[in-house]
Every structure is written in structure tokens, then in C-alpha cells.
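Dropping the structures in below, format is C-alpha cells.
Across the two complexes that follow, subunit A remains constant while its partner is subunit B and subsequently subunit C.
So, the complex of A and B:
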């Protein structure tokens, strides 16, 4: 395992409190940035670091920051996306709960770089207790002069607020988040204009994930070049992975990007292999919306190369044989897992969370859920599989926001890689009820 | 100015024009259908996705095609842009998908719906839809509600175009209705059944593309093709007073704003949208209230202009159902 950057002080008792955090080198990046660097220089370091957005899309953060419009006399905002609602993703919670000051420090340094004098952390309603932790940390930061007017005696002032959402997945989509933050119904906006031009209250705004903002701290402390040395190719730095499912050691791991998937799943440093000595069946590698891959394709690409935990390697082969790093929600499934039941669960989630603005997502997600439910009820027909395939194709790429895609991809991938499992449920409805999944009964090779 | 080509027709339009507006300037078949966009309402459009088009060339500067179909009503043209609407079979298939989505939860109660005959969804379904549904589950229903004395909301028919919400926001004072709930159970509602009572609220009926908002003073009085539309005006202190009277003999059955070929209210001669007030719409139902200008011009789309709904060979092969993207395993076995 390489050097930890975000979770390096995770083990220190009392690191949640300001004093302990500060004693262990906390807030050095604010000191360095505000006292010795221009705002452009901070942006330049972030660009050099190659840091990519950790919220799911992986857009280069430095580039996003340099797109921010800077009309004179108009406020700019930095908004931290702590809505973390993608099933299988729980890394932001871990980070905020364990080391709240790291996020606050990242917010101050990043706000300084962007010239924002008011910044927000938008956190999902279910993380109420985490919001309390953050608020305490913010109070401590104010009390010690890291927030408020003339930080460290400089010209720079910043106010930081925590805003609690009401628990909607869609409010993690950046423009829906901004609507919600403005006190409106959390509907995604129609783009353009993009937030970099007209975001919060119509002003230029940057929205970044919790982990992205936290990563700015080591980047400013050690320099962008140092950060870029970690990782592989365009996947630089470390990444928090929330590992869950049928593994021996579920939890949040900070990995160097580029670790082989096989090592991540089976090594004792990370997931520690499949629980109970079961056979390994499939992985959803980056949160529920990314395509599921069967064991052979997640361990090796279609070309037979070992697959790595990086943006490029996981995406190798496109959606036909690859997937995405996404938000880093790594869900492992053993041989007893029913792909169809799991898919129904995901689809039910997207149906429930659709905001309902655009027709393909509003109507299509519910339709797919009903068909999957019918199959699981033992009333499916073979044409249902084709119908599902057709519906997902008619949602994908035709919606206002990517939630439509997020609902379509899991359906497509499950049919693409596990079609036989749907057919088995339809031909032999008894196998649905069977707790010992039919894979083992029929002695089938998984995938 | 920007040059844009849509289905092979080139036109030069001012910067900032949307693809849909440019297509409307060309007119005819190249105009994509629009269910939620309404040129007279700011921020309308983008929701229904029926106006999707394929951009095969982004612009002269950046000729790359756009990776996904775009909503023509909200996408500005670029100089040198090339767009396909009717000429792209894959786009027509995508649109047929959108139409199907709009219909799966629609009650299809046209035989008892007041909007039948002047319903945009009906037109859309005839042109792009299937003659049968692939949706085999129960459809969503809502209770009917009265929005004030004059307007009936039949949410079951609503396609959530948000047009009426924008009317409430933009042309009545103080929005009293919006959208409640989320996803496929969203509904248009007056907040806590507060009645919409406002001089201009009746325009919600005119902007509604389906039969979700209907005129309570006209409900079930006549099929629209059995009443004759004539243009008329009166000197109204509140609005332009320029209306369409829907008459049978000498009797006025209903009053609406004048509409253009896209079922939007016509502008008045001074270039303002011809919204009409509730007094003109609901309370002036006598011929003596009005000065008649002559018969209204009815556009080709309307069932009132007869023979529109001849069953024609569709322009494209109906593609729904025809796709077989992934071979089934028994097909694979047969091939072996």
C-alpha cells in the first residue's frame, strides 16, 4: 500500500477535535496558500496534480476551476457536494465523520483559490449527525481565526455554512443541488448555462465532491507534481473506495489509483477475499449506476490484461466489456447472489428517486421496475427481456440529467452479461424462490 | 447571424435562436413536435423530450457531431450547424420512444375528453405512436380537482409539461400552483387546494397541450369539431379582447385565445402575446358582447380541418418492437 493522503491521521485519537488536528499539521495548506500563494498559483497546483472529480464523472478539477467565470463585482461560490446517495457509496461520510477538519481546511483553501467569500457544504438529510460534527468543526475554525473576516490577517474573508438537504438522491446532481440550496424544488436545471457561468443565485459557482475538496489539502501542502507521482497515467493520486458486499473486510480504503482489482479484492490489505470461501461472481465497481461486470471481466480486460483500479483501466472495453470507476462504491457479489433481484432493487431505487421532470426517466424507470417485479413474481415472459433492453435504450442519453443514464446502464449490463439468469427465472419460476441460487443447483459456470 | 441546415434546408438566423425556432422559420416537415416548449413562456421547454433532434455537425468551428440527441427547443444554433429531424431513422425511433413514454400512463380516454380534436398528444400519437401499447400494468390515476370556479384539473391526463406552472408564475400575479411530489407521482396542484383566482388564470387552459386543464363552463357541452370558430373582439379594459368564439348557430359555446399553427396564442398587432382575461373567456358568452371579424383560420394539424387522420403509410418503418438488440439464447442455439 502506498502513502495515505486523506486518511493518514485516521488512527489518531481525538483527530475530530481542532487541537489534535492542528497539532498533527492541520490547516497548513491554508497558511501556505493565503500567506505565500496567489489564487492562480493554487489553481495551477491543482491543475498539475491531475486531480479528477471524485463525485462520479471524473472531470479534471483544475480545468473545472479555470472555467469559473470571473465577472467583476459578482460573487462567486464554492459548493461542496456531500449528498452522497449513490447506493454502495459511503466514503464521504467516513471522511467527514472521522476527520471533519480536513474538509473544512480543503473548503477554505479551495475557496481562496476560487475567490469565493461564501461557501456551502450541502449534506444529505440522513447525515444529520455528520452535519452536527461539521458544524462543530466550523465553529472551532471560526474561533481560531481560519474562517471569518481577514483570515490570517490577509485581505481574504470567508464564511462557510452547512446546509442539510431533505434526503433526495437527485439533489446530488449539481444543478438540482443548487436549486435545493436556493430553497426550491430539487429539479435539475436544463443546461446550458452551466454552474461555472450561472450557478447558485445565478452567480458563477463550482460544485465539487467532498473527497475532491479534501484532496486539495495534500496537493497544496506537497505540491501538485508530488501528488501526480501517485497513481497511473491520467488517474493520479489516491482514491477512497467504499467496499461492500460479500467480502471479508468491507469498509473504506484509501488506495493508490492503479492497484490491480484482483489485489484489491483478494489481498488482506483490502477486502480480504470472498466471505465464507464462496465463489466470486460479479462486481459493481463504482456505485450502483455503473455497469455490473462478471468476475472474469472485472479481473481481466477483454484483451486479457489485468484490470486496475483506475479511471482508464476500468473503462477499458467501453460498456461492452468494461465499466467505470464512478464514485468508488465497490460492491462485490458471491455465487449466491441473484443478479435479477439485485437489479430490481437498483431499478426500484432509480424509479423512486427520479425527479419526474422529463418523460423518459419519469415513465421509463417505473416501467422497468414493474417488468422486473413481474419476472421476480414468476410471471415473466421471454419478450420481457427484449422489452427491458429496448426501454433502457430509449431512456439512455435522452434525459435532462444523467439520472436517466444511471437507471439505464445497470439494466443494460445485467442483460448483457447475465441474460441466462433472466431466462432461467422465466423458464423455471421455481428457481426464484430457491435460496440456494440456481447457479449452484444447475452447476453452471458463473458467467 | 448563424447559418444552420435542418434536414437539408439552410436558413440564416440571428445568434441565440434555438434549433426549434429556426425549424419553425423554415416550416413544414422539418419542425420537430413540441409538447412542453411554449415560445411565449420564459424558461419553458426541455422537459418532454419530443423535440429531440440529431446534431450531425456542431458548428463550422467545431464540426464534431453532438454525442447525444438534444432538445431542439433549448439548444441554440451555432454557425454551420447541421441538424437532422425527419431524415434520421434512429432519431425518429428515439422520438417514438418518447411518445410511448408519454402514453404509457395516459388514460387514452379521448372519447370522453374535451380536448380530443385539438390535443397535441393525440396528434403526436397519430404521427409517431404505435397502434397498440406494450405497457401491461395499471395506469396511474388521480382524483379530479377544481382549480377555482372555472377550471378543472384532471391530473390523470397531465404530461407534466410545466406550461401552466409557468403561466401561473409569469402572467398571473403570485403563483398559486406548482408541482407536488416527485417522479411518476408528481402532480400539478394548487397548494393546499387553494383556488386559482386571478384575472389571467384561464390561460392555463389554453397552454395545456392535453385535456388536463379544461374550461368548466364548456366541459361536455360539445365536441370541438361540432362548434365553429370565428375571430371576434371587444373593447376590454383588462386584455387585448381579441379572441376566438366557438359557436353553434348563434350561440357562443366557449371563448379562447386565438392560436397559431403550433397551438400557441397569437400575438396581438402590437407584438405582445394575446393572452385573454377571465372575463372575456368565461363571462362574455353572448354574441352581443362581441364584434365578429370573420371565420378563424384553422391549421392543417387540427382534426377540425378534416381528413387529417387518414391512415397513411408512416414515413418511416415503425421501429418499435422491430429492434432485437441482443439475440436470445435460443436464437443463438438455433444458429449453431
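So, the complex of A and C:
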């Protein structure tokens, strides 16, 4: 219990460099895979590990890999999703900055398993300096024979490139990412076809998150069964959690899936409790897109069982009383936080980031933002709450990509669990202390 | 007006970039090349610069415009030497992003979206930059400034002013080699 897999060498001085990384056992998974395993055998280990995508959706990685179409004579691609733009999420940056070679190693081993001879790491443009760190690691990997032609004297060849984005949350959505990688606007594609059949340049493509790819390294080194021993139920392995907000110790923590939420928030090993001795009010557990939960429901399920940091436990009770693990962006709020203002901030975000292809998302996010603004401006009416509820319901499930859902869920959850706060603002506009200030802030959007 | 032409070094990088993709797919290099162009031509993409990029890449100008206008990191209007981008989302907002923004507005005597009269600073508020654990934060060029308080903001502005240099996303300690 509590063994780190991804961040185990995090503390070693110089681990960013090839020499130090190699001395600490780096690139062993490439050696093992390329020299001793068939590509199918690598996929099999990943299946056995039970690893689920760490980008947010939690789809089983081994299964995703086995769906990859393999028409003869057609190139296949592995694309790493390093767009990391989900508010509250910063684990991929941490991993890439601290241990860049782990991602490069994971990319090589995974590309081998998938039979990809060219792979890309698509990284958000704001991480330009991180891209440089990765490129340096890639240079070193080429220089030491881990990339390029006939890796370790085998038949297998791989070229790996870092691709830089330019500021667009939607490019984290896998088909928007592929569009962007093709040099276009980041408009999500209609699925099917799925990327596994027609992805980058119309060729079969796997898109995986940074953390997912990094986890392939310990899985290949120690075997899928060993990995599956960590965690609980179908939540196997370790997970990087980005903890932020009103806590004493924000940061990136690698946890065994299944740690109790209460321990995660209050133990000194992790978040270290709420800042300034304040009371704990609410959590957004998996990045801004997942439903917010009040303190009582995040610590215990509706059935009264302790809530655990796992896919199943966090989702227990569905959206009525549960939430999602999502990207692991864990945002903690203290007693002074206004849920309505926070929701306005999120809704403004989704409105800003909507690509505009689907009317429900393009128009709905804008309307939700406007109505929340009206409430915060002291001009709300009780029917505004129902109107918000109605709009979110008309976005969810009715759009090309899941950004629509991601914009709808936070609104539904805030109303579901904190309706009285909306009512208080509407009944008693004076309870909004800094109306003017909010009005002005809203203008920021035009910037 | 200055002649729009990549430096020899940038041109070499641009040519290398276009070769990273399969035959006929060099349009994939558009976004990375626009970053290089923006850095080289005063921090923004004028129509002339976009047309130039189109000609270098042998694609239509409209293909460049539609991409440049989609992504928030591309500036379609002139900006100051230092573009100060303050994160305004979730965790930063919970921990005082508004105070940072208001302080900068006062200090620079501009509103969000504007450029200071000396052409030194443009203030922008942006969405989560993946640094929520060290909120509040802002970005100038390639650099992140984290765990901010108003004193740190003051010190940063003074430093940038005294350096007087343009900051770009591509400002890195070592040149790109790939």
C-alpha cells in the first residue's frame, strides 16, 4: 500500500536528465517489450492491469488498444493528450516537468504495442517551456538509440514529435485534438467513426492521456497482474490527484485508488485539512466538469458509507448524490465560498471555450452565464433557477462532443445541492456583498 | 514597414517542422509556425504576417486566418512588449485572482484587454493554465509566476519594466533543436 509508481523517483536530483533516469532503471520497459514481448503480449498486460484512461472518462486502456483497426499497409498513430486544460488539473504538467523521460519511455513502449511508427505528444501551447523539456528528453532518447530506426537492433522504428497547441480547452477533446494536430480549428468531429478506425489523417489512431501512457511503464516492467493488485475493485493502480483550493497543502499526490476521501482531505500526508481553520463546505472532485458535492456527501455516500477516491465510490449514487473521479482535479472550498459565484465562474469558462458548432452548447452556455450574472447582479427571480435547470437539461446529451455535458453538469449539481443559496441571493440581493465588483468582473469576458 | 521575412534561423526551424508529418500533411505545422511568426513579428499576427505564413507553407491565406482566429494565444491585434496573462478560473479565482487583476489594472492604469500608453504591457485574463496548486498565478511569455501576492506582482512589473524586453512564449533558455 502506498507505493508510488509514477512519481517514485520524483525526489532524485537530476532525474530530468537521461543519465540519471537510466541509472534508476529507466527505459527497462522498452527493453523488455521490444526484446522479449510480442506486441499482443504488451496489449495483454495492459488489459490485465485494469488500467483506465486517466484523461477523464476512465475508459479501459487495454480495451481501447484492442479496438485499434489494423488494415495492412496503413499507418497507425499514437497521440498523447497533453492538452491538460480542465480547470483544477495540473498533474500532467507536474509529471512532464519532473520526469519527462517517463512519458517518453511510455510513448515508446505503447507505440510498439500499437504498431505505430510515428507518434505525437500534443501539448497545450501555454506549456511551451514544458514542450522544450520533452524535446530535450526526446533528443537524448534518439541519441541513445531508444528512438529512430531499428530500436535496440529490432525491426521496430519510431519517430516521436512534440506538437504545440495554442490555447483552446476544446482541443483536449480527442477529435478536436486531432483536428488541431492536422493544422485546423479545434472543432470536434462527429463520432463514429472513432479515432481507432479513422483518426489522425484518417488513419487508425489511439489517443491517451499523459498519465495513462506513463502508467504503461510500471505495467510492462512488473506485469499487469502486479499493477492490478493496487487499488480497489475496477479502480486499479495509482492515480495522480491535483489538489487545490482552500487546503493547507495543495499539490500533486500519487494515491492508491481507494484512499478514503476524508483521509485525502484531512491527513497531513495529503491535503492537510482546510486552510485557516475554516470549515469545509464542498468539493469539485474531478476537474470543473464533474458535479460539485457538499461536504457531507463527499465524505460519505448517501448510504452512509465512507466515500473512497475511486471511480466507483465517487460515482456512487449517480448524479443525485454522487460525482466522478474525472481528471482527478480536486478543488476544495471552505465555508466562505459562494457556490453561485463559483458556478458563474465555471459557466463563464464553458461559454468562452465552446467551439460553437452545436446550438445547445454555443447558446446554452451563454444563457446560463447571463442568468447567473443576473442573479449575482441582484436582479434574479425565482423562476431563473428553473430556467437554469431547464437550459442545462437541454444541453446535456444533445451535442457533438461532451463539452456540452461538462457545462451542464456543474449547473445541475449546484442547484441540486445548494438551491437555498440561489434563493437567498434572489430574495435578499443585499446578501451579495460586492455586486458592483461582480458586474465589472463580468466584463473581463470581452477581453 | 519592416520587411516580413523569417530570420534564417527561424526559416530553418520552419522547414524542419514541416517535415515532421507524412507526405502532403505539412499543414499540421501551421500552429507551431504561427507561434514562431508571432514571436518574430512583434507579438501579433497581422494580416500581412498571416499571408506570409500562408505563402511559406504553400496553403491558402484563409486556412491561416481561420486557425489564427480560433486559438486564444494568437493575438490579432498589436500587444505590448509584455503580455500579462492572469488566470481567472476556479482555484485561482478562489484564492484571489480578482485582486491580482484589479491591482494590475490600477498599477498599469489600463483595463483588461488594453495596452499601457508606453506600449510596455498588455493585460489579459485567461482560463486555467494548469497551475492551480500554486494559485493565484499569471504567465508572461514562457514563464509562470505562481503563489502570487500583490508584492510579488509589484516586483515582477518593476523587473519587466527595467528589462524593457519583449517576452514571447518561445523565449526559452535553449533554442529548439527538433
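Simple rule for what comes next: the second predicted complex is superposed on the first by the 432 of 447 C-alpha atoms of A that agree within 3 Å, B and C clash if a C-alpha of one lies under 4 Å from a C-alpha of the other, contacts with A are read in each partner's own complex, and residues count from 1 in each chain.
The definition used in the following text is that contacts are C-beta pairs under 8 Å (C-beta built on N, C-alpha and C of every residue); 3 or more make two chains touch, one makes a residue touch a chain.
Keep in mind that this is a model prediction, so the values were computed, not measured.
Peer 1: Let me test your reading of the model: by the given contact rule, A:212 touches which partner, first (subunit B), second (subunit C), both or neither?
Peer 2: It touches nothing on subunit B or subunit C.
Peer 1: Return the chain, subunit B or subunit C, that is in touch with more residues of subunit A.
Peer 2: Counting contacted residues of subunit A, the larger count belongs to C.
Peer 1: Does subunit B (first) or subunit C (second) touch A:166, or do both, or does neither?
Peer 2: The second partner, subunit C, only.
Peer 1: I'd like to know which partner A:382 touches here: subunit B for first, subunit C for second, both or neither.
Peer 2: So A:382 only meets subunit B here.
Peer 1: Which partner does A:81 reach: the first (subunit B), the second (subunit C), both, or neither?
Peer 2: Neither: A:81 stays clear of subunit B and subunit C.
Peer 1: Counting only touches as set out at the top, which of subunit B and subunit C does A:354 meet: first, second, both, neither?
Peer 2: First partner only.
Peer 1: After superposition on the shared chain, which partner residues are touched by A:185: those of subunit B (first), subunit C (second), both, or neither?
Peer 2: After superposition on chain A, A:185 lies in contact with both partners, subunit B and subunit C.
Peer 1: By the touch definition at the top of the document, which applies to A:238: first (subunit B), second (subunit C), both, or neither?
Peer 2: A:238: touches no partner chain.
Peer 1: Taking the stated contact definition, name every residue in subunit A that is touched by subunit B in one complex and by subunit C in the other, in rising order.
Peer 2: Of subunit A, residues 168, 185, 352-353 contact subunit B in one complex and subunit C in the other.
Peer 1: What residues on subunit A touch subunit B, complex-wise?
Peer 2: Residues 168, 170, 185, 190, 351-360, 362-367, 370, 382, 385-387, 389-390, 393-394, 397-400, 415-416, 419-420, 423.
Peer 1: Going by the contact rule set out above, which residues of subunit A touch subunit C in the complex?
Peer 2: 75, 84-90, 92-93, 118, 124-129, 132, 135-136, 138-139, 159, 161-169, 180-186, 201, 242-246, 250-252, 284, 288, 329, 331, 333, 337, 342, 345-346, 349, 352-353, 437, 441, 443-444, 446-447
Peer 1: Okay, in this complex, where on subunit B does subunit A touch?
Peer 2: Listed in rising order, the residues are 45-50, 52, 67-69, 71, 74, 94, 97-98, 100-102, 104-105, 134-135, 137, 159-160, 162, 178-179, 181-186, 320-321, 323-326, 328-329.
Peer 1: Show me the residue ranges of subunit C that touch subunit A in the complex, using the header's touch definition.
Peer 2: Within the complex, subunit C touches subunit A at residues 20, 22, 25, 27-32, 34-35, 63, 66-67, 70-74, 88-91, 93-95, 98, 101, 111-113, 123-135, 139, 142-143, 169-170, 172, 174, 176-178.
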